[in-house]
Amino acid sequence: MRLLAIGDIVGRSGRRAVKVNLGGLRRELGLDLVIANGENAAGGKGITKEVAQELFASGIDVLTMGNHVWNKKESFEYISRETRIVRPANYPPGVPGSGSGIYVTPGKVKVGVINLAGRVFLPAIDCPFRKADEIIARIKEKAQVVIVDFHAEATSEKVAMGWYLDGRVTAVVGTHTHVQTADERVLPGGTAYITDLGMTGPIDSVIGVKKEIIIDKFLTQIPQYFEVATGPFQFNGAVIEINEDTGEAVSIERIINYE
Amino acid sequence: MRLLAIGDIVGRSGRRAVKVNLGGLRRELGLDLVIANGENAAGGKGITKEVAQELFASGIDVLTMGNHVWNKKESFEYISRETRIVRPANYPPGVPGSGSGIYVTPGKVKVGVINLAGRVFLPAIDCPFRKADEIIARIKEKAQVVIVDFHAEATSEKVAMGWYLDGRVTAVVGTHTHVQTADERVLPGGTAYITDLGMTGPIDSVIGVKKEIIIDKFLTQIPQYFEVATGPFQFNGAVIEINEDTGEAVSIERIINYE
Amino acid sequence: MRLLAIGDIVGRSGRRAVKVNLGGLRRELGLDLVIANGENAAGGKGITKEVAQELFASGIDVLTMGNHVWNKKESFEYISRETRIVRPANYPPGVPGSGSGIYVTPGKVKVGVINLAGRVFLPAIDCPFRKADEIIARIKEKAQVVIVDFHAEATSEKVAMGWYLDGRVTAVVGTHTHVQTADERVLPGGTAYITDLGMTGPIDSVIGVKKEIIIDKFLTQIPQYFEVATGPFQFNGAVIEINEDTGEAVSIERIINYE
Amino acid sequence: MRLLAIGDIVGRSGRRAVKVNLGGLRRELGLDLVIANGENAAGGKGITKEVAQELFASGIDVLTMGNHVWNKKESFEYISRETRIVRPANYPPGVPGSGSGIYVTPGKVKVGVINLAGRVFLPAIDCPFRKADEIIARIKEKAQVVIVDFHAEATSEKVAMGWYLDGRVTAVVGTHTHVQTADERVLPGGTAYITDLGMTGPIDSVIGVKKEIIIDKFLTQIPQYFEVATGPFQFNGAVIEINEDTGEAVSIERIINYE
């Protein structure tokens, strides 16, 4: 089977990139499942029901999240109900939503999707490594294919997670930095890995935000309202070819499309 | 002219990667200048005179540094004297060494090299943006071609620096994360940009370090001695084609070689 | 002469504490100048014209600020004009407002007030130590008595600043942690020092904020709106007895009043 | 009963302060138990068997630790065996040592001692709040009197812990900042609280370290070897008067002695 993982979708521009690209990619590549990081989909910060439904309508099957998952309090109830949204599993017990789910492809393959968040330079949530152990033990009984979106800042934490889960899951794909990395590969144990899928959103921006705003912030250190940039988009992600019988990845290939 | 910029060289493995790759690349690509980030060249942390001289002998013309520049106190005096070593220019006044230099290619082109370090998730040194302004104003009188190694963690800070200097320098190449990014391009103003050149060192490692050590550190949070990994190397960098009359970049191309 | 320095005033509760306490203290102690940290005076975050004027009317002569100075964009213009407000001097050039001022007591003593902010665990602004050197050199020509409000998180940075300026200014008083420290003393060079003046605001709170909110934040790691607590107030500060001829501090005494 | 809690003992100077002060205090105050934070007792960083035994010989009954607990690898085995040493309980499973213990006073009162570490600006270990719940549930079955040393940086996290445990333990005493706070009080639920006990070590220092070294570090941002300062010491701590039948604190009083 073939799975597409899309990097952080940022605002209106990113949603347009999904709409424009996904139909063609589905046909061309014969995709069985499409997951995407949606933590910046609503105006650059968080998600709403309307935005999520627009993305599902564009062909995304599962939305994973990240540190911006809690940006819109009005969406907590929706995040709790919507089974196609998965937020970082290593938030403490009691927070809204779920950290993993099992999704069935048209070809009846069960795919487990786990979302984890890093802790280096990010909020002090529960250990993503031990949480991975815990969920994988559970999910592997039901799904042979398991994809982990590890939403984290530090390359050390992300690369370590790749090695830690090598041979135990189908793929570990990183998100959060909004810049695609060129280190995609299938690790020796059969796990596809990439440090960051990149960003799906406005090209001429600083990781999605109007560049003048971010530059001004660095020059003055005065907090700013981060407005999503406009202009042509980029579409970032990776296609993973999977042996659904073994749950091993066969290959991983980066995608960068420009408007 | 053609310049090669090499990502963080890590330990013995990285130095071997340079020795093995650089001769061939110089010939094939007709390189006029080779710069490399050497902050991890000596046992993964800092630089020594012996290690620097080994790298110069392998064909590197200029070594830039980063947050690990001060790891070996016994090298401070050497860093102060060696004009082919450039450390982040935005360290406070009074620290050893120099933050920029001008180097002459065999074809008599003067190339300014500036090293800057980011401050997001890193030590609180002087503003890299204002320091860039200051040095560029000075160096541009003497060198048409100017290369900036921006050694930083956060993608936001690095991408912002690219835009900030677009049209004012020939290239902004990022270092420090040890993972090459796939966002190389020539920005609209003529500045070649890449968020991170990646790492030249052991492939099967966590950003150069033995993977078992880093995984153990994440699992226990007990500080560890970071031993450089062994095994086959990767060679990471980018080649920049430059119009030496205008100082503009014509193209930037990533290099990833494996042992 | 005698100067009162008041710790971070938080919200309505803190302003009431000032109003209730300051008249009596002025009379009892024969105060010549009253400075206060006002960075949390308006609803816990930042300052407004109305709130500042209320505090001036209550008897405060100078308001210093901190990392929350930029919380209310509508006040930037006011902060720029109001000479009785001083914001951290080590923000980069070009930001609104001034980092120091000279104020004249009823007894015609000129008192320089400098506001600096720390960088450990706080925004990466300019070096507070070098900025202190620069301003002191300038201000000492006009004012014998100089008070520094060093708004910082880490005790190491604050204690270091005390020693760095010992013998060069009249007092270094710390703010920002909202908890008064018990280390007040006159250092050997004649500079009064305290790591933190504490908080003037609601007692039964977590540094001014409703305690249930902060506890919930620590338990869930979900960002929260920080509502200022209500209930009885505490008034925190320190009185510094000064030899106005030499500019040396004679004594420093902590004040903690409860409603 | 009466318990003395001593703030972070730093190096030789701090150990001398204990030796000089503790005998007298034991007699004067009629102390039933003495606990002390020992994370900096050996040369400013960590603990060794020799240093611990010197402190036990001086009259300390229990040593709690902090983020420096892992500084000396050669002591891991000792920390694992020595039941009078308690390290932060919220380190992940599998690390050496224990996070709590029960100690019996000469008058046969059982006192539970729990060590926890904060996560704000500190390593990402397990949640100290949930870990507190877990241990208290267990320890309360065996000991009526329970003391928590919460080793943390941020005042918000420490004050929040005080409120969180109010009425459930006898005392929450903070350590780590090396500066004593003046906010000691018995909270409404009967829990004695202080944000930081302070430091027992060299007075004329920056939180125990030679002041010239720390100032130089702030000025240059070059990492330094942190040498413990010499000269006269201070002894910092707090005495807690406890109703051993109810486990409630009756009073808490700060101690600051100078050499």
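A, B, C and D are the chain letters, set down in written order, and residue numbers restart from 1 in every chain.
Just so we're on the same page, a contact is a pair of C-beta atoms (placed from the backbone, for glycine too) under 8 Å apart; a residue touches a chain by one contact, two chains touch by 3 or more.
By chain, with names taken from UniProt: A, B, C, D = 2',3'-cyclic-nucleotide 2'-phosphodiesterase.
Note that the structure is a prediction, hence the values are computed from the model and not measured.
Engineer: Can you check which chain pair, C-D or A-C, has more C-beta pairs in contact?
Structural biologist: C-D
Engineer: More than half overlap in residue numbers between the two sides of the chain B-chain D interface, or less? Answer same or different.
Structural biologist: Because over half of the interface numbers appear in both copies, chain D and chain B meet with the same residues.
Engineer: Please report how many Å separate the Cα centroid of chain C from that of chain D, as a whole number.
Structural biologist: Going by mean C-alpha positions, chain C sits 30 Å from chain D.
Engineer: Would you mind pulling out the distance in Å between where the CA atoms of chain A average out and where those of chain C do?
Structural biologist: 44
Engineer: Specify, in ascending order, the residues of chain C that touch 2 or more different other chains.
Structural biologist: 92, 124, 127, 130, 219
Engineer: Which residues, counting only chain A, touch chain C once they are in their complex?
Structural biologist: Touching chain C from chain A are residues 70-71, 91-92, 94-95, 123-125, 219-223.
Engineer: Which bits of chain D are touching chain C when the two form their complex?
Structural biologist: Residues 121, 127, 129-130, 153-157, 159-160, 163-164, 177-183, 188, 195-196, 198, 204, 206-207, 209, 211, 214-215, 218-219, 254, 256.
Engineer: Given the complex with chain A, which residues does chain D contribute to the contact?
Structural biologist: Those residues of chain D that touch chain A are 92, 119-120, 124, 126-127, 130.
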